[in-house]
Structure formats: C-alpha cells, structure tokens
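Chains here go by letter, A, B and C, matching the order in which they are written, and residues are numbered from 1 within each.
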C-alpha cells in the first residue's frame, strides 16, 4: 500500500483554466496526511496536479525539474508551455509503462499552448493523452463530469467556473469517502498561475444520525 | 498486487471502403476505458499524405507511438530517397514496424486506405502484429463485427460498381448503426475521401453521444 | 610530432598543411593503375564494360566476376583492388535487400550508391570492429534502374564522393577513355543534347571519335562504343577473353512471359517487384561479334 491522492476536477473558462483538488494524502483508507497540496505550479505558466501514487508523482516531478533546469541554464527566455509539458509528460509516462514500470498517476496539465490559448490536458499511467475543455480524475470522473457536461460552455466566466467547481466538489465530499473537505483551488491565465490556500467546503452533516447518538 | 498489464482498450470503430478510383476511410472519435468516456473528440484517423490515410483503434497511447514511429521513418525515407513514400511501400513498412514489436505488440488494429500506383482505391487491413492483406473494404475495433456484417450485406454481391456517394453514405450509416449497439463507439464520426490525383477531402458527421 | 612534410601522408585522420588527406588521394591513385572500366547510360539502358587482365595463359577466362549484380535492377563494375570492391558490393547487396524488406520495393539506385559511399568513408585507425584501417582502394561504376527516373549511372571513389553521370571511364586508361567518350557523345548525351552538335574533324583525325549514328543514342550503339574505346586504351590486344560486358535493359515481351506461373491459380506471379528490367551478360561469342563488327564495319 502506498500514499495516494484522490480526485481532481479541471475546467476551462473564458480567459484561463481552473482546477481543484483536495489536500489529503491517503494510505489505503486511512487519511494519512492533511494539508498537502496536490496541485503544483510549474514554471510561471503551468499547473500540474495528480491522482494516484504520491511517490511516483514526486519522482516524475524530479524528472521534469531536470528538463526545466535545462531551460533555465540556456537563459534564452524560451520556456516550455503547458502543451509542451503535456507532451513531454506523456512520453515519460509511456516510456515507463513500456518498461513495465508504470508511474501510477493520472495527471492534469493546465496552462496555455504556443498561440497563448488556454490548454487543458489529461495523461494516465499508460500514456493515454488528450486535450479537452474540462476533465476529472478519480471518483470525480463519475461524480463531477456529468454535472460539468450539463452546465459548461466555452463562454463561462471565472466566477461561474468557480461556482461550478464548488458545486462539483460538494458532491464529491458528500459521496466519495476518501475526499477531504479541505479543498484547494488553482487557476492559470495570462497573468500566470495562482493557488488558493485550502478552504473548507461547507457540508451540512446535521442530518447524519450519529449526532443524535451523541 | 498482481502483475501490471501494460495494455488498455480505448475502444472505437474504424472502417474503409474502396472503389475503382477512390477510397473512403472513417472512424468515430470516442475515447473510453471500461464504462467511462475519457474524451469525445480524439481522432482515429491519421493522414500521412494525400493518398495515404491510416485508421487505428485499440490502445490510444500505443497508436500515438506507432504514428510517431511511422512519421519518423517516412521522413527518413523522403530525405534518403528524394521522393515521397507510396502506398505499396507504406503498406509493407507498417507491417514491418508492427511485426518488429512481435513480442511486445502495439495494441492497435489498423486499416490503411489509399490510391495505388495504378490509380485504384485500395484498403489494407492489419492485425496487431502486422499480418495484412489487400481488400475492397474492411472494419476494425470494438464495433468490427457489427460494421463488417453491414458492409458484407451491402457490398459482397453488389452487381453494379460502387459509386463514391454510395461509399460515403454506406460508411456513415455503418458507423451510425455500430453506435446504436456498441457502447465504446460514438460521439462523432470523421471520414477522409481519397481520390486519385486529388487532395484527400475531410468530413465529419454526428453520432449518438450516449 | 611531424618531423617532415611527407609524414602527413601516413595517417588517414590527419590533414596535410595544404588541407588534403593524402591517403585518400593515394587510394585514388590506386584506381589509376587498375583495369579500365567504362559505363554509359542511355535512354533505354546502361552498359558496363571492363578490361579483364589475364596474368597467365593457364588462367580460366570464363569466370566473369568483374561486373557483378547488386540487385535485380542494379549492377556494378570497378577499378582498383577487387577484394575491396567485393566488400563494398556485399555491403550494397545487404542495403538493397534491407530496402526490399522494409518497403517491398527495389531500392532507388541513388540511395544505394549513397549507402555504399557511406561505407567507403568508414575507415580510420580506431573505432568499430571490422572497420578498414585505410581507405577502400577502389572506384565503382553503378548502373541501375529507377521507377521514377529511368536508367541511371553513378560513379563513386575512395573519398566517399559520388556523382551521377551518363558516361564515365575509370582505371588505367580512364583519362584517355573519358576524353574519347566526351568526344564521341558530346551534344548527344547529358547536358546540352542537340545544342552543340558540331562535327569536329580534329577529333576524327585523332581517331578518338566513334561515329554515333543520328537520332537518340541506342543501347546497342553505347555498347559498341564501350568496346571501341576499350580497344583503343587497353595495353593488350582486345579479345573475347579479356573484357567483360553487361547491359541493363527493359525486358522484352518474351522475357516477361517467362515469369513464374503460380501452379494453383495459373496466375503469373511477379516474385520481385521491378522485374521489368534485366541484366544481360555478354558471352565470349557475343563479345567477339562486336569486336568483329568494329573491325569490318564502320
């Protein structure tokens, strides 16, 4: 058994990409570490977050840091954009799976492509990869995606996107037993990346019967 | 934990129909694992030249790798031999590349469509390890059994020669019917219409999204 | 390290102060003492002819290994060290089959020549096993058929350089022979066809000019021309025994019929693609006939 992270939800909105993840690392069904950020800001303009094995993700990020260090040392002002990082991570994950030593992670990469347009991409441990307007991993794939499909459109504003994610997370907290209610939001737009401090999702458990037994 | 399986089936259906001087090749754009749809718009078609288009279903990551390998090799062919690769040579190349991974195969089922040196429409269909033959029509992927029956019924004993419009309609309708009964196929369809001496034409059409 | 200028010619990895790699130039010299070989490419084929040096009356002259096949559509002759030529030809044969294996089509002659030239450049004192420590002491004339470009002729030398040409002579009599080819074919083959067709009596007087009949140069004429030139540049008297002659040409309708027939379906099976051409080797009798026709004829 290893430390693992749960669901991620990410959507594009007019002007950027927003994503959300809880801040829990589980060890099996034990809530092992709280307050851990599963969303990483990569360079100035890219967000990477993971579902799955935490150690594998850390190793992947070390591998990526080496690549980025290259860019820094060149000092030519050229940096990888999110689309390029997405391709690179795909190659790395596919390589590991072909080596029969998969990095057990599902990654979401957000940022912008070479034309400066918003980019959102998905990669899994097999090297499966695609670009999309919205996506989710873990239980959120089943819980949140249908809600997003119903409500999302390309013209959605930042506030509407935040509200939509909030609504999705609430369902996840209610239905996914490994979802923590301490949630981090992150966004990436022309102005760069920003990660929020973990916020408490307000869930009403007053209906739960254990209160009465107390 | 059991042994890791490096394969995943991402589903999807592809088909191709050849006529006297044309060929159409089509596929759906759904990408799935098990019961969940990962994406509704991932292409299964890949155009290598105006007269060579490949349709692939199976495992998306392996297919992406296969395409990269082929692109690399045909670019090498182009600079070494100072000419673009032709369908006959590409047919053999794909077989060789697939068989080259005989003991760790690409989980991909490919159909190759194009125009031969003689100007005729040709369909080649492959298994995952490079066994291939020339046909007048073919289907592959999760809806293969459904589509091939439809094509058999329509084409096997067709008395008059197939027209290009008939081929396009038959291709679309076969994919639509596969979508009705097969859960890994759907969302939208795309098709290349390849005619001798003309740039390949690309069209899309809607499929059920459920 | 180098005490005198002449020391620069010892290593194959050292430029001389004049910017030359002398060992490569010496290798090219080795060709100039080799047998004379001639190649001509015309519209309907390629002819290769080469002098066979017989060192003893006891030598078997029927063995004809100076013009060799690389693939069904490629053949080659050479001047210089024949053992070196064999190594390069072997490499070319493998490259030709590699291409057939990967693409199920005959290798384009230019790619094949490139591949052989790459091999010719792989010499040096260190590095991979089975690498030659010196340059290959051989120059090749490679004739071939290309589906897209028709018949072609290439020449490559120990420096790894190669070029396409329509008439080329190499070896001991190479310089004289090349001049004769140029005189006989100018305005008829290669660049400037039919533009500067002038009758220079001087050439005729020197006796270096073969009268090429008007119209496109045929393979038959080209074949005669190679023998004509060889006859004049060879030290020994030309005979049916001391030259080799091969042509690459389109198959005739009859030869096409000879292709294999599948027993079960009765279909004609083209076993290898591009079997539309054939390499025809001239036997002693045919060579004698050409020599005779030159003597009596024109």
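Methods note: a contact is a pair of C-beta atoms (placed from the backbone, for glycine too) under 8 Å apart; a residue touches a chain by one contact, two chains touch by 3 or more.
In UniProt terms the chains read A = Multi-domain containing protein; B = Proteasome subunit beta; C = Proteasome subunit alpha type.
Predicted model, so just to flag it, every value in this text is computed and none were measured.
Peer 1: Just the chain pair, please, that has the highest number of C-beta contacts.
Peer 2: Contact tally peaks for the chain pair A-B.
Peer 1: By CA centroids, point me to the most central chain in this structure.
Peer 2: B
Peer 1: Please flag the chain sitting at the greatest distance from chain C (Proteasome subunit alpha type), going by CA centroids.
Peer 2: Following the centroid criterion, the farthest chain would be A.
Peer 1: When the C-alpha atoms of chain A and chain C (Proteasome subunit alpha type) are each averaged to a single point, how far apart are the two points in Å?
Peer 2: The answer is 66 Å.
Peer 1: Which whole number of Å gives the spacing of the CA centres of chain A and chain B (Proteasome subunit beta)?
Peer 2: 33
Peer 1: Any idea how many Å lie between the Cα centroids of chain B (Proteasome subunit beta) and chain C (Proteasome subunit alpha type)?
Peer 2: That gives a centre separation of 45 Å.
Peer 1: What part of chain B (Proteasome subunit beta) is in contact with chain C (Proteasome subunit alpha type) in the complex they form?
Peer 2: 77, 80-83, 85-86, 88-89, 91-93, 96
Peer 1: Can you tell me which positions in chain A touch chain B (Proteasome subunit beta) when the two form their complex?
Peer 2: Contact set of chain A toward chain B (Proteasome subunit beta): 90, 94, 97-98, 100, 102, 122, 126-130, 132, 135, 141-142.
Peer 1: Given the complex with chain B (Proteasome subunit beta), which residues does chain C (Proteasome subunit alpha type) contribute to the contact?
Peer 2: 101-105, 108, 110-111, 114, 148, 273
Peer 1: Within the complex, which stretch of chain B (Proteasome subunit beta) touches chain A?
Peer 2: Spelled out, the residues of chain B (Proteasome subunit beta) in touch with chain A are 4, 6-8, 10, 31, 33, 36, 38-39, 42, 59-62, 64-65, 104.
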